[in-house]
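Note that the chains are named A, B, C and D in the order they appear, and that numbering of residues resets to 1 at the start of each chain.
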Amino acid sequence: MSFFTVTAIAILVSVALALFRAILGPTSYDRILAVNAIGTKTVLLIAVVGFMNGRPDFLDLAIVYALMNFIGTLAVLKYFKFGSLRGGLSRSHGEEK
Amino acid sequence: MRTISLILVLFAVWLLFSGIYTPMIIGFGIASCIIVALIARRMDVIDAEGLPFQLGPKIMLYWVWLLVEIVKANIDVAKCVLFPKKHLRPSLFHSKVTQKSDLGKVIYANSVTLTPGTVTVDLHNDMILVHALTEGSAEGVKSGEMDQRVTQVMGEA
Amino acid sequence: MELLLDIATWILMMSGCFFLLITGIGLLRFPDIYTRIHAGGMADTLATFLIFAGLALQSGSTLVTVKLVFIVAFIFVTSPTATYALAQATFVAGLKPRLDGFDNSKAPKNDSNAKDEA
Amino acid sequence: MEEFTSVFLMLLLVAGALAVLHVRNLFVATMLLSAVSFIMALIFVMLDAVDVAFTEAAVGAGISTVLYLGTLALVGPHEKSSTKKTALPLLLSLAVGGVLIYATFELPTVGSPDTPVQTSRLTDRFLNESPKEIAVPNIVTAVLASYRGFDTFGETTVIFTAGIAVLLILSQVRGRREEDVAIEESTTPQSDLTAEEDTSLQASPHDLVPHVVSKLLIPFVLLFGFYVQFHGDFGPGGGFQAGVIFAAGFILYSLVFGLEYTKKLLPLRLVEFFLAFGVLLYGGVGVVSMLKGGNFLDYNLLLASPVAGQHLGILLVELGVGITVTAAMLAIFYGFAGRSETNNKSGA
């Protein structure tokens, strides 16, 4: 058993726990949180598996995941706050860019 | 001026990422960096916030300090997860922010969030609303040490 | 030397795994959304850091390490931002955190005093 | 270990899929689908299919979530309860599913040496000849862009068509809507809903953190798109993924700064132009190779030496794919996100 294997198993268990939270809810925010956590763990697992298989070019993939996770979460929260994806987020000084 | 420095930063990132140094790929890299910089210029994202050079090396020291704090706080949260009944004392409170620039406020707010046990719930004008997991973590924010450090990094002390 | 590196990697990655599992347990175990945000959004960052540090030790000083550093930096910037957006959206939506200790969390208490402190 | 992880992930996948079926709130279903997509990609990674996982990451987990949300903003998050009988469809799908499961027993096990993929002559040919013929390290790219250039051309055309279709359908309806709203607003200066929405948009200076952070990130996202585009020859990636990442950069911009700014930066006309330009570039490469006396998409004749020709051809073709995908994603995003607010205001 290499450390990669052990880590991969730990990540998988953690993903399962987060998935439980995503299914249980109870509020939508819990689910967003859980999905976001799953996303982060996916990034980790991809990196670890990449090393396990001796293919570090998996890291590009991990970056894409981190990016998509971020954009997805922002989009979801924006939808929740404003009910649409159209307008921009505002700033404190009203200086619209 | 900042556009040019953005191009340089982007190109450095490109070189570090690519790992393939044939003239063709480097040429594409330069072209890509220039296109991205032009798009970023039209997007109006290049300014003191989009490309914070002024922080310089001070921010590195701050990151090291922050990392230590994160480790310490993580152990607290771990205790909390394992023995919630004993440790969990959530609270919600306002705290003052002394940074003047938006960037400083954002760095501070994100530092608070990064440190486990405290989450910035709201950042509004010069107040942040913090949700803390334990009394200890709440004290960490209330004491204002992190706030002082960020202000120093920003050069606004 | 090799052995030393491997031992260091073991330590880093195992502590990373520990925090990762703590995160998962916390996500399930904590009583309300605000406390879960703590568990989910944050222990992640240290776990990520530790595991990636372990990977970086294994890859040595190559471009792969640079990429690892970039990913960690990216996560350290985006994770609190997403957490902030989440916490703030939760707050704006009017969900109130439970602030009355959890010693006796068997019976749900009324949390009307939440807003007073806010 | 491999087997354990695969089975475990499959179980998670099934659990997620059942949960998606179970929930009635469409928003929750979207969130769960996003989680399922993450797990799906993990399975791809486990199977060593990096390019597929790349696409799943970019499209499944990221963009389609955003597009689902755009749709939900139009139609609302509640599923209509259906009164139809479900017994017969259930029986039918169980029967079909049973047959399919029965059929899997005939399939060779994963990784066994006598699967059709392993024994096919094409596999040997691709693996052995492509380094000589095309000399692109990533064989997936060689197969996609060169050996199977026709297929990829077809796919690009499909994406093009999808983009055009969404634009046609949604922009037509939007035009009508906006007129309605304009009339409505002129008669009743401010309906309650509009006023409320405006205050939430204007007087909430709470979004400083995402704002500043996105400003910091956007240039790097765009650069990463370019990086994936031009390194498709060497590692996982290529036009499809790069296009999606590039579009994601713009979508992030418009999420944070507002759609009207993105539209100012990249007007719909320009997007339409790029949408067509990518396909034309792809087709153009084919036509040029025909003019040079070869077959359609025969890159060997583009330059003096066949290998250099292959390189140029693949590069241009991937660029065409990237441009079309970017434009199509943006067109679809414009279509959905642009409409959602109008609909909300008209109180639908």
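Things to note:
In this text, a contact is a pair of C-beta atoms (placed from the backbone, for glycine too) under 8 Å apart; a residue touches a chain by one contact, two chains touch by 3 or more.
Treat the numbers as computed from the prediction; the structure is a model and nothing was measured.
If each chain is reduced to the average of its C-alpha atoms, the one that sits nearest the average of all protein C-alpha atoms is A. Counting C-beta pairs in contact across C-D and across A-C gives the higher total for A-C. In this assembly, the C-alpha centroid of subunit C lies 29 Å from the C-alpha centroid of subunit D. As a whole-number value, the distance joining the C-alpha centres of subunit A and subunit C reads 12 Å. Subunit A and subunit D have CA centres that are 18 Å apart. In terms of their C-alpha centroids, the spacing between subunit B and subunit D amounts to 31 Å.
For subunit D, residues that reach two or more other chains under the stated contact definition are 204-210, 213-214, 216-217, 224, 231, 257, 261.
Chain contacts: subunit A has residues 15-16, 32, 34, 60, 63, 67, 69-70, 74, 81, 91-93, 97 touching two or more partner chains. Residue positions of subunit C touching 2 or more other chains, listed in rising order: 25, 37, 41, 67, 70, 74, 77-81, 84-85, 88, 90, 92. Every residue of subunit C that touches subunit D in the complex is listed here, in rising order: 74, 77-78, 80-81, 84-85, 88, 92. Within the complex formed with subunit B, the subunit C residues making contact are 18-19, 22, 25-26, 29-31, 34-35, 37-39, 41-43, 45-46, 49, 63, 66-67, 70, 76-77, 79-81, 83-84, 87-88, 90-91, 97-99, 101-103, 105, 114, 117-118.
By the touch criterion given at the top, residues 3, 6-7, 10-11, 13-18, 20-21, 27, 29-30, 32-34, 36-37, 40-41, 43-44, 47-48, 51, 56, 59-60, 62-63, 66-67, 69-70, 73-74, 77, 80-81 of subunit A touch subunit C in their complex. The part of subunit D that touches subunit C in the complex is made up of residues 204, 206-207, 209-210, 213, 216-217. The touching residues of subunit D, counted against subunit B in their complex, run 205-206, 208-209, 212-216, 218-220, 222-224, 226-227, 230-231, 234, 253, 257, 261, 265.
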